[in-house]
Amino acid sequence: MTTTLAPPGAPARRRVAAARARHALGRFLAALARSAAIFVPVFLVATFVTFALRSLSGLSPARIQLGEDATPEAIHRVEAQWGLDRPFLVQYGHWFGDLLHGNLGASWSSGADISTLIGLGLGVSLSVASLALVVGVAAGFVLGTAAALRHTTWVDRAITGFVTLISVMPAFVVGIVLVEVFAVALHLFPSGGYVPVAQGFTPWLEHITLPALALSFDVVADVARQLRASLVAAYRENYVTGAVVRGLSARRIFFRHVLRNGLGPALATLGLKFPALVGASVVTEWVFGLQGFGRFANDSAQSGDVPAVQGVLVVSILLVVVFNLVVNLVLARVTPAAQRGV
Amino acid sequence: MVRRVLSLPTGRIAVAILTVIALLAVLGPLLAPRDPLATSAHTLAPGSGAHPLGTDYLGRDVLSRLLDGSRVSVLASLEVALTALVVGVVPGILSVYLGRVFEWVTLRVVDTLVALPFLLFAVAVIALLGNGITQAMLVTGVLVSPLFYRVSRAATLTVARSQYVEAALIAGASVGWAVRRHVWGKVLPPIAVALAQTVGVGFVIVSSLTFLGIGVQPPKPTWGGLLASDLGYLSYQPWAPLAPALLIMATVWASNLLADAIRDVSGEAGRALVAHRKVRAGRRGRTEPAPAGGTS
Amino acid sequence: MSIPFASRRTAADPRFPLRPRRTRLTAVSAVLATAAAVSLSACGGESASAGGVRTLKWATSSFPSHWDPVVSGSGAQFRELALVYASLTRTDATGKAVPDLAQSWHYNAKGDQVTFRLRPGLKFSDGTAVDAAAVRDAILRAKTQKDSALFGDLTSIKSVDADGLDVIVHLTQVDYQIPQLLGERVLQVASPKAAANPKKLDQAPVGAGPFIVTQLVPGTKVLLKKNPDYWDAKDIHIDNVELTSAPDASTVVSGLQTGVYNFADIEPSQAAAAKKAGLDVFVQPGFNAENISLNINKAPFTDDKVVDAVRYAINRQEFVDKLTFGYGSATNQPFPKGYVAYDPESADLYPYDPAKSRQLLAQAGYKPGQIKLSLVIPAADPQAEIVQSQLAKVGITVSIKVDKNWATPFFAKDLTFSLYGTTGRDSAVQTLTAHFGTDGPLNLSTPYEPAGFEAAVAKVRQTPLDSPQYPQVLRAATRTGLQSKALIFTYSDPNLFAKSTSISALPKNPGHIDWTGVTIGR
């Protein structure tokens, strides 16, 4: 007599499904907690270093407001006004407390609230950076996949050559070339400036396309290279041979096996690229005349406006940390094996 | 390893370009036909016998300025690479041997450094700590060091867990001896790759900073600075930005090419590759052997 | 053959339903396609008169860092402040003072008291009335506020009385320059209510000018809309203004070309590119003059021989040839040739003579290369590089230092050696006193003043503007002022602007940018 496993009944199935859902939620929360646990100390240390820069710099608002040879009494008076005569740790405590409430202090040069100033610039920079990421991932994905699928043919070599070329062009060189070709010569896009989305989706898109393109080249190159390498490596794995033997179509093999495993390193690269993107925006905003976050950082740094620079650095750290969190979570979904330490 | 790298055509190209650039940095100011700071009345002149690349907006010889500017860029990128190397490799190797606490602390520090956007920090540091490229490059080196940390740590981990090292340690060898004898050889190739890559990164950063006018005071020429001022006179000299841009791009490309070449020839796969190429080259040189005559 | 279980969620396993990769990919590509379709098919108006709204998009290289006119001073940024503020007088095409907020004025017989009658019924944009009390407060604030950049220009004003709409200005001496003086550069009148808090006024200007500020991002951008209560509102045909800090000289022209801006000041090196791009390039008449400022209270300029050595080392023609692209001219006075105050007799005071310069330095006891100077400037400037190379030829080593906060030490007279460029003044006397006077804001060597200067200037003040002796007396004052060891004037750079062809021509008021009568669009 043969015994066969009876298929589970409907109520049993529901219970199993519920258990699975709880399990998945638990895993998600665990991943979230783990990522947070890593990034909290990162944030603390990074903000401390940022704050310590002021003491190292020896700059003070008195220099901006009074001139280089202001009398010691005048300097002391101005510094007291700004609370700079208190002990270092007390100042740090105050600053950090304010930080947690979203208050980044006041600018030494204009007296305006730094959170507001940064907020005004962030809209511009984040629009450009997001579009740059989307374009970079999409284009990098297409190029990397094409190169891997047509591995060792002329397609692969052409794509690799192209990717190498764009990876050595610094963002500002790309930006200048784009302006000269697409804006000035071909009149397809404006050469700079920014229009908020509220004033129209099309103008907004027109204005951020060229700067986003300039920033995206680096991302395209890295994503394409990583994806190609990991796809090529994944294709060599045993399970792919097994799948081919089992008679699965090439498309199925690609989308359901190879890609899943190959995507991991490419996504991880994105996390590393984001800080570079934030940094490169300093130059692209200069070339395209955008009044964004990077431009504000550059201007504040050049005028020695320390609280503004500190605010900028804190916000950029926050951006990078949040972005890495998101990438880690996506990675956890896409390649759970990585989370298990395999 | 150097010979192996040179056996690849990509390796040869990369080393050739980088050597030229390095020579420019060392000898450039001496090779310059004219004083890079000497102004003249012929402004914005096109290329000619006296001025092969023409003159700039103050009548200075462009070629001389390019040659003079190579020193700043090359020195700065070397600073970044070497700082990153020193700051990253030593903790990376030691993190395997000095216990869990040290390992955890260094891993967290590295995570922090990776989160900091280096161009932004470089700009901030230059502005706050003094307008000199050196400080900015030191800071950038520290911020880029995680790459070296991770690379050397990974390489050390694979070696440290191999049996012959364990055997040596059991037999009484000190950690230092084990590191010097076994780990170093295994760790060098990935570090060399990272070094080549970081030189390229350093170049881009230096060009970006000098493009923004930060770090070097006028009228000292730099490649990024030349590019920036060329933009102001595009209608008079449309091809002027090409020279500094191509120099920057060629150097970055050569560094990346060198990194790839080193990666290709290192490790088991690398040795196999080089041997394979040698055999293929040898076979091509000889004529086809005569077919074996007759069968018996 | 067994399949290793390394693969993930194969379709064959019903316990782990597949989440298809494809849907995520298609979702992303769908979003991109929609975005592309929308952007290509939708019509987007870039023209400045879209929907009938006439917008001036002005990119300026002198974006004000202070919007309090008393702190901002008489420099070039007054043109941007003039969008928000009005003053007692303005100038016409000949440079003469004509009514603005004041509808008329008259002097007493002696000439030491002038009464301005204001236009009736005017209000500031916060509702406060524009009356004599408001003007009196503005003048007093300019004289007494601690960080005022203007107090050195108002030395003739003793006190001010307010009587309804009459502003009675009592002078310390006979001075006929006052109507010229109290124009847009010196007396932009802020609302007294807002001016009660000058720090707030600095970032939230309130005036009675042609436009009202709707949003101000410090140092970067300001949005304005037309002020319907402006006394001359009927002649203003612009609805909105977007004033932006120009990013970089080379990107301004492409910004103009592609419609990001429709009006900008440009460098002479960009003129050719702008013309080729089909833009309207024009020179707004003015009295610009660049100078090298010395602080003779600091070494090495305490030694007269060194000062003279620097004077002889300057080759003005090189500046003109290399920096002005045919638009400028050499000058050794605070204004270009042809201005009423220009003194032809002083045209060749210190001709270019590097040999003599080296001789003087040797006589002063300095070996070549011994003097090291730091030239502090606000932004990288080819002018500084030329000065550096010219002084290097006579053995003075100059190192250029770019400091974005240059304005503070310069106006605090802390620098030893710097550059400055003036866009002139409405009152010729103000130009002279600003540069040569004891407390002149542009006199880096305060309190130094050439002998006889006060007297010469007083004489000019006492001469009515329409008197036939006026030009002579004025030039005599210039001659005296040029003895100053604190300033070496080099060349005159014109006010070069580029605008979109959709903007009509601007009134040719020298040194000013007026929007009266200017239209945008067809």
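Just so it is clear, A, B and C label the chains in written order, and each chain counts residues from 1 on its own.
The criterion applied here is as follows: contacts are C-beta pairs under 8 Å (C-beta built on N, C-alpha and C of every residue); 3 or more make two chains touch, one makes a residue touch a chain.
Predicted model, so just to flag it, every value in this text is computed and none were measured.
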Result of counting contacting C-beta pairs for A-C and A-B, higher pair: A-C
Chain ID, smallest distance between chain and overall C-alpha centroids: A
Where chain B and chain C are represented by their mean Cα positions, the distance between them in whole Å: 45
Length of the line joining the C-alpha centres of chain A and chain B, rounded to whole Å: 24
Separation of chain A from chain C, taking each centre as the mean of its C-alpha atoms, in whole Å: 40
Touching two or more other chains - residues of chain C: 248, 251
Shared interface positions of chain A, touching two or more other chains: 286, 302, 304
Per-residue multi-chain contacts in chain B, two or more chains: 231, 234
Sites on chain C touched by chain A in the complex: 1, 3-4, 6-11, 18, 20-22, 28-29, 32, 35, 38-39, 42-44, 46, 59, 65, 199, 202-203, 217-221, 244-248, 251, 254-255, 257-261, 277, 404-405, 408-409, 411-412, 414
Residue ranges of chain B in contact with chain C within the complex: 37-39, 41, 43, 57-59, 131, 213, 217-219, 231-236
Chain C contact footprint on chain A (complex, rising order): 63-70, 107, 109-112, 117, 120, 134, 138, 179, 183-184, 187, 189-193, 200-203, 205-206, 237-239, 242-243, 245-246, 252, 255-257, 259-261, 286-289, 291, 295-296, 299, 302-304, 336-337
In the complex, chain B residues that touch chain A: 108-109, 111-112, 114-129, 200, 204, 207-208, 211-212, 214, 227, 231, 234, 241, 245, 248-249, 252-253, 256-257
For the chain A and chain B complex, residues of the former touching the latter: 38-39, 41-42, 45-46, 53-54, 56-57, 59, 164-165, 167-173, 176, 180, 272, 275-280, 282-283, 286, 294, 297-298, 300-302, 304, 306, 309, 312-313, 316-317, 320-321, 324
